[in-house]
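Just so it is clear, A, B, C and D label the chains in written order, and each chain counts residues from 1 on its own.
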Amino acid sequence: MDTFFLAIGVILVAGILPLTISRQFNLMKSSCLLLMAAGCVIGLSEVLSFLSNSGEAAAANWAWLQIFTLSFKLDTISAFFLIPVFLISPLALLYSFHYLEKPEQSTRTALNYFCYAILVASMALVATANNIVTFALAWELMSLSSFFLVVYEYQAKETRRAGYLYFIFAQGGAMFLFAAFGLIYSHTGSFSFEQVAAIPENIKLLVFILAFIGFGSKAGIFPLHIWLPHAHPAAPSHVSAVMSGVMIKMGIYGIVRIYSLLGSVDMTFAVIVIVAGMITGVLGVVYALGKQDMKKMLAYSSVENIGIILMGLGIGMVGVASGVKTMAFFGFAGAFLHVFNHAIFKSLLFMGAGAVLHKTGTRSINQLGGLMKRMPTTGRSFLAGSIAISGLPPFNGFIGEFLIYFGAFQGLGLHGLPFVLTTLTIISLAVVGGLATACFTKAVGLAFLGEPRSEAAAKADEAGFTMQLVMVLLAASCLLIGIFPEPFVQLAFNGMRDLNLVGAADPGLFLTLVRNIAMTASLFLALIIGITLLRRMLYVRKQVERGPTWGCGFTQPTVRMQYTGTSYAMSMVDFYRPFVPAKTVYSGISKIFPGLTTYETRVEDLAEKYIHRGLIRPLVKYLHKLRWIQHGKIQLYIGYIVLAIVALLIFI
Amino acid sequence: MLELVFIVPILTGIIAAFIPVQLGRGVLLVSAVLHLQITLMGWLGKISPAATGYFNSAPEGMLVLLVTSFIFLFISIYAVSYMKETQMNNESVFIGCMLFFLASMSMVALADHLIVLWIAIEATTLVSAPLIFLNRSKAALEATWKYVLICSVGIALALLGTFFITLSMDLAGVDVPLTFSSLSAVAAQLNPIWLKAGFIFIIIGYGTKMGLAPMHTWLPDAHSQAPSPASALLSGALLNCAFLGVYKVHTLMYGAGMGDYSSQVLIAFGLISMVVAGVFILNQSDYKRMLAYSSIENMGIIAFGIGIGGLATYGAMLHLVHHSLIKSSLFLSAGNILMGYGTKQVKRVGNMAQLFPKSFGSLFAGFAGISGFPPFGIFISELLIIIGAFQSGQYLSVTIFIFSLVLIFAGAARIVMRMSFADTDQEVLVEEKMLRVLPSYALLLTSLALCVWLPDQLYQTILNAISVIGGAVHG
Amino acid sequence: MIQLADAFLAVILLSVLLSLASNRLKALVKIMALQGIMVSLIPLFLAQHQTLEGGALLLMQVMILIKGLLIPGMLFMAVKRVSIRREIEPIIGYHASLFTGLMLILASAFITDRLQVAMPGNQVLLMITAITTLSAGLFLMMSRRKAITQVIGYLMMENGIYLIGTALAKQTHTMYVVEFGVLLDLLVAVMVMGIILNNINSAFDDVDTGFLEELKD
Amino acid sequence: MESIISFGIAMLAAPLFPGVILKMKAFWAGKKGPPLLIKYYTFFKLLKKGSVYSNSTTFVFKMGPTVSLGAAIMALLFFPLGGTAPILAFEGDVILIFYMLALGRFFTICAALDTASPFEGMGAAREAYYSTLAEATVFVILVLFYRLSGALSFAEFFSGPAPITVMGPAGALLLLVIVSLFMVLLTENSRVPVDDPATHLELTMIHEVMILDHSGPDLALIELGAFYKLFFYAAFITHILHPLQYGAPWVNGLVFYGIMALIYAAVGLTESIMARFRMNLVPKFILTSFALVFFATILTMGVIK
């Protein structure tokens, strides 16, 4: 545990140091980076060695403010969730070296690094916090620091709006958590997490629901996700990478943690999680498909992946509740692994989108195109990330999804509700998988392939060195994990050790399965290489020419005739119409010789629309009516006092 | 002779009225330091009240005294710079009234006798009225008028309540001095009906002063119109003093076995205050009024916490301390902003992060603190109150409580973000002077420091204060 | 003696009703002076106050001085200076006010009746008068537009509180403090209000509270 | 060894069967039609040619044919062709296979978008759309099969002691599956009524329009991949129709290819008697297939305890 705190200390120093030397811009950046890397490596080594040894959970306690203890415990679940924290954070910071390259904004950059370090440290503390107060403290610090990171580019109105929305959701979610904690405390009479399992069953359910809402608002569960597609695009890309890749996983961590603490085998928990997961997954990906803003699309895709993770957890919970051990085991393992994998490819994709934004100044897919030639490294990495996030073999995204599928299939032998749930989960996973493929073919195909749709895209060039380096690293690890999944699955496996409900399942089945997948993946790669070689041979001494694209008889095709993101996605989005309201703005043609006409289709977020229309607006309206009470008339003010007395005297 | 805490400021206040203003500023600072020193000596047990029939050093009083004294020191530092820069024309009135104000509040903190407490609270109204009226604008006039009239009515009712308590003594045939310390010993014998009536009138009366809705109506006007150091004092110290009155009567009720009733009343007032504050913080256009409503909210939180009992009382007391520190800091920042931008309108202030970075820092930190983000203390107090409320099974109340917290947060965040980040065409009129910025940071840092390390003596004092009403901490 | 006390109380009640019906400010101030003196004299006739000490007597004299002369005198000056004679269009009209006054008396009688069990001595009329005065004072503050009338309402309310105090409390060691408190309160509060009144007048050329409704949300 | 031979035969025979479709269509149209081996001829003709690449394209364009062919071959590797054990099999391979096919589609779509042609974009969008729906159907079929066999592998579905077949105890349910799988076959392989590979109007195509810019050996690889994919689906249906458990491998093989020919003929028949759907009817068509298997799956809740 000491090593862990050493790591936290180093990370904090990495944050504080830039504040003192913000004048030397590059020195500041590199020193912060070095310290952060050092801290994270220390932390990572501690965590990994902890995971690989079957040691007891390490704990540390300090007395704080007389009545509290700051209590930390490193068990395998925390350790597993710490891996992305320590892995992605330094990489994203390295990426930011070339991303934040305005020396005139050195103070702001320093502050950004400071908040970044606080965020990393607080995430690590969230994952190890072992009592109510410690958890709440770390959680709130995490929200606050990430808020500052989101509003980094505060000049833009959009950013301010996004920051505001995030702030509200962060605090609102925290309040639900506090409520859950309050409920826990009221039954255990202690701040500690240890006795949580002792509270009555019906209260457990309430605690779980409250905590689920609280954590869900951080993780981005539908319909609590609406801050996500605003905040992630608004934040600088290294921050979105960490927020999307790592921070929202803390919400998942919270759900896993509270589930494990409650230690209840009630099916209701599973139903809640699985249903939320299905809705989140399917709607997340449909919205992602409908969005033409690259970072927004990625944000919705994070929502989708949270849905997949929840489905995995839900399958695990169904397994626990109905006593099917393999199902439980595979469900949780899949969810855990997907947490890890998603951290890698989502941060990769955000970095790719960030590089594009950095070089072209636009996030709109409809303005991009042809970047694969202009930004080859970024393009290739983004392609790798896209395949991975679509859950396709032989990349890492498939492994997690496969485990979840496998777990879900194990549940098909059940009867009644569990059977229906697992069937629906499998269908949802399939639909999500298909749509994710559609979504990311759109991203790759329209932003990186084809011809540039705007001047800015045509003039783009490759991103800075550190940015490329990080992306290549991440892309390589996507493929690596896909082909050699065994150690990583083992990691997830070890991570679940302290998830007391699951118990030890048969690792043999697991490992055979994983080895089979690995073998198939390698075989597939070999096959592809083989076919490629064959293709080379077929082209030996053949005439190969270059020419314009076949225009099907159109003599003067322009780049503007290319399919856009909107047109690509619209029929699919249309299919989900009632849940995905699309708004069409069409100016129409009224004259014989039509002038400038516009046609635009936008996908609106159902949750956002209805929360705004059905909740916020009426609430504000009715509260606004109450403002009458402060009307400035002193006579009535005295009347209030009299009224208060009368009211109290009546109730005497 | 702990009475020195109010005798000294009275004397220096009188002196300040007769000497040149430059010296007066010095007198203000010296008195503040002296006051803090006497307070600390009182805390260390070196001196205790001499007129024991009228004053005593009850733990809750000592807590309020310390907070008042502490923030007064920083406010006076700020005020010195503020006076210089605003070219205040009636500075001696300002200094004198500040000192008298301090004296009257210290007296409230020490008062043990019911009537002395009442007199002292009434005195706070009267000596602070000139502070609010200092600008001599029409709006200030209106605010002062409302302040004086509404508070006077409220306090007159509190007097009636005090009569009822003496009556409850007489009817029960209890013959003890009319002090809280002796009454609480015999509280169980008091006539319950008249004690209850007394409680009602006193909570209405002092509640008016404390800013509990629906008797809060004067507060936003007064706090927004007063010059910023005075607003800081009004919000940070005066409200606590009024709360002290409510709290002491609540202890009597608790002692008499009617704690449930008074708790319910406190919870109700607390929640109404929070909801009302939420209503007005949402879409508020004047940032000083926003802060004023936030004070109403926080008084509501304190009342709620006290009403809930148990763990929440500890939270409420902590909340009192931290709210005073943070809110006075916020009012000082608001003063800087007002000087810098020359307007109280939220929509005309903007881009503070760039134009007004130091005040931006203190404003935003203060906002984060008041909204319950760590590392500031309100995080702990709110958490404790919520936990306490769950523990006592007040599910409906805690739902409203959380709802209003979120509501207020949403409203305040909008305003603060608009001021900090949005564009503005307003020019900055005055630069940020160190002397005006440091006090608000110092106050925030104190809250932060108390969140890292709470002196045992402070902790013990809070425990002593709340043990009377059954408040305790476990775990 | 008791009859005399009742007569005094009747006069006080009458003054309350009169003040509710009066639209002339000068008359109102005069009524208040009368009421103040009557209220100050009441303790003389009460059973539990039979043995008046020197201190109490002195205090009573001071009270008469302040309530009967000083404050009304000040108000009178204020009325003169602001050169307004009438209360314009009260929020609740004079007839209605008068009617409300009567209702208040009824209500007070009802409340007193309810409280009977818990009261010391047997001062039913005193209690009725006290509550009426108190509530009428509040009513006056709520129903009139001129700031000066509101000060008068406040005075009336204080009178009521003082009456309740004397009615309920025994002449014990606490009493001096009570009376001292009331006096201090009255004196300082009304003086502060007077100053503000003056300022209101010079700022707005009127003391109509209609001008004082700018601060709102 | 048996498996490898069987696989080899399949690899070689796959281009033969599309010829059956053409013959069938010609028969119904009263024409003579192209020779049965037409697909082999065109394949070798294409291999001999060179290629023209669009200026817009990148390496992704060239990866399209490679990956789609690779994915289709992978699918056949795991399939128990003609009752022989597949070359590769493990628990859960079905999931992997269908995801492999999705990977092939991913690259086909990307390759189409790489050309910057509006028509190819259109085709890509349709392909992506319809396959998301078809995928759901496929996975419900897997759910049903798991219910029936308790396994997640083609080998165990069809070659175990209790193979899944219409002749088996749950035959009635499987009839529904066959119908729906046939619909998936039509969809995934771009046959009429979902798509018309023989039309002339690019606007109405799906798969054909996506590969407009491919030429020479690239096109040949794509065609080959398409044959294998079609073969895979047809084999899938064949196994459900009839359990290939005659003991002697060559009997199995003969029966297998006989039924295969029938299925291809059925495809040809469908193409002859039906016209291509309007685009907005296609989703309904696929959803029908989904509904059929979903219904079957729900029925298992009662039938199989």
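The working rule: a contact is a pair of C-beta atoms (placed from the backbone, for glycine too) under 8 Å apart; a residue touches a chain by one contact, two chains touch by 3 or more.
The model shown is predicted, which means the values in this text are computed figures rather than measured ones.
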Measuring between Cα centroids, which chain is at the maximum distance from subunit D? C
Chain ID, smallest distance between chain and overall C-alpha centroids: A
Could you find the two chains linked by the most C-beta contact pairs? A-D
Separation of mean Cα positions, subunit C and subunit A [Å, integer]: 69
Find the geometric centre of each of subunit B and subunit C from their Cα atoms only, then give the gap between the two centres in Å, rounded to an integer. 31
Rounded to the nearest Å, the gap between Cα centres of subunit B and subunit D is 77
Cα centroid separation between subunit A and subunit D, in whole Å? 35
Residues of subunit D engaged with two or more neighbouring chains: none
Which subunit B residues touch at least two other chains? 145-146, 149, 153, 193, 220, 280
In subunit A, which residues are in touch with two or more of the other chains? 627, 630, 634, 638
Full enumeration of touching chain pairs: A-B, A-C, A-D, B-C
Touching subunit B in the complex: which residues of subunit A? 65-68, 132-133, 136-137, 140-141, 143-144, 151, 154-155, 157, 160, 163-164, 167-168, 171-172, 175-176, 178-179, 181-183, 185-186, 189-192, 620, 623-624, 626-627, 629-630, 634, 637-638, 640-641, 643-645, 648-649, 652
Which subunit C residues qualify as touching subunit A in the complex? 91, 138, 141-145, 150, 209, 212-217
Residue ranges of subunit A touching subunit D (in the complex, touch as defined): 369-370, 372-373, 379, 383, 387, 390-393, 398, 402, 405-406, 409, 412-413, 415, 419, 423, 426-427, 429-431, 433-435, 437-438, 440-442, 444-446, 449-451, 509, 512-513, 516-517, 520, 523-524, 527-528, 531-532, 535, 538-539, 542-552, 557, 559, 561-563, 567-569, 571-572, 575
What does subunit B use to touch subunit A in their complex? 145-146, 149-150, 153-154, 157, 193, 196-197, 200-201, 203-204, 208, 214-215, 217-218, 220, 265, 276, 278-280, 282-283, 314, 353, 368, 371-375, 379-380, 382-383, 386-393, 398, 402, 405-407, 409-410, 413-414, 417-418, 420-423, 451, 453-454, 456, 459, 473-475
Residue ranges of subunit A touching subunit C (in the complex, touch as defined): 627, 630-636, 638-639, 642
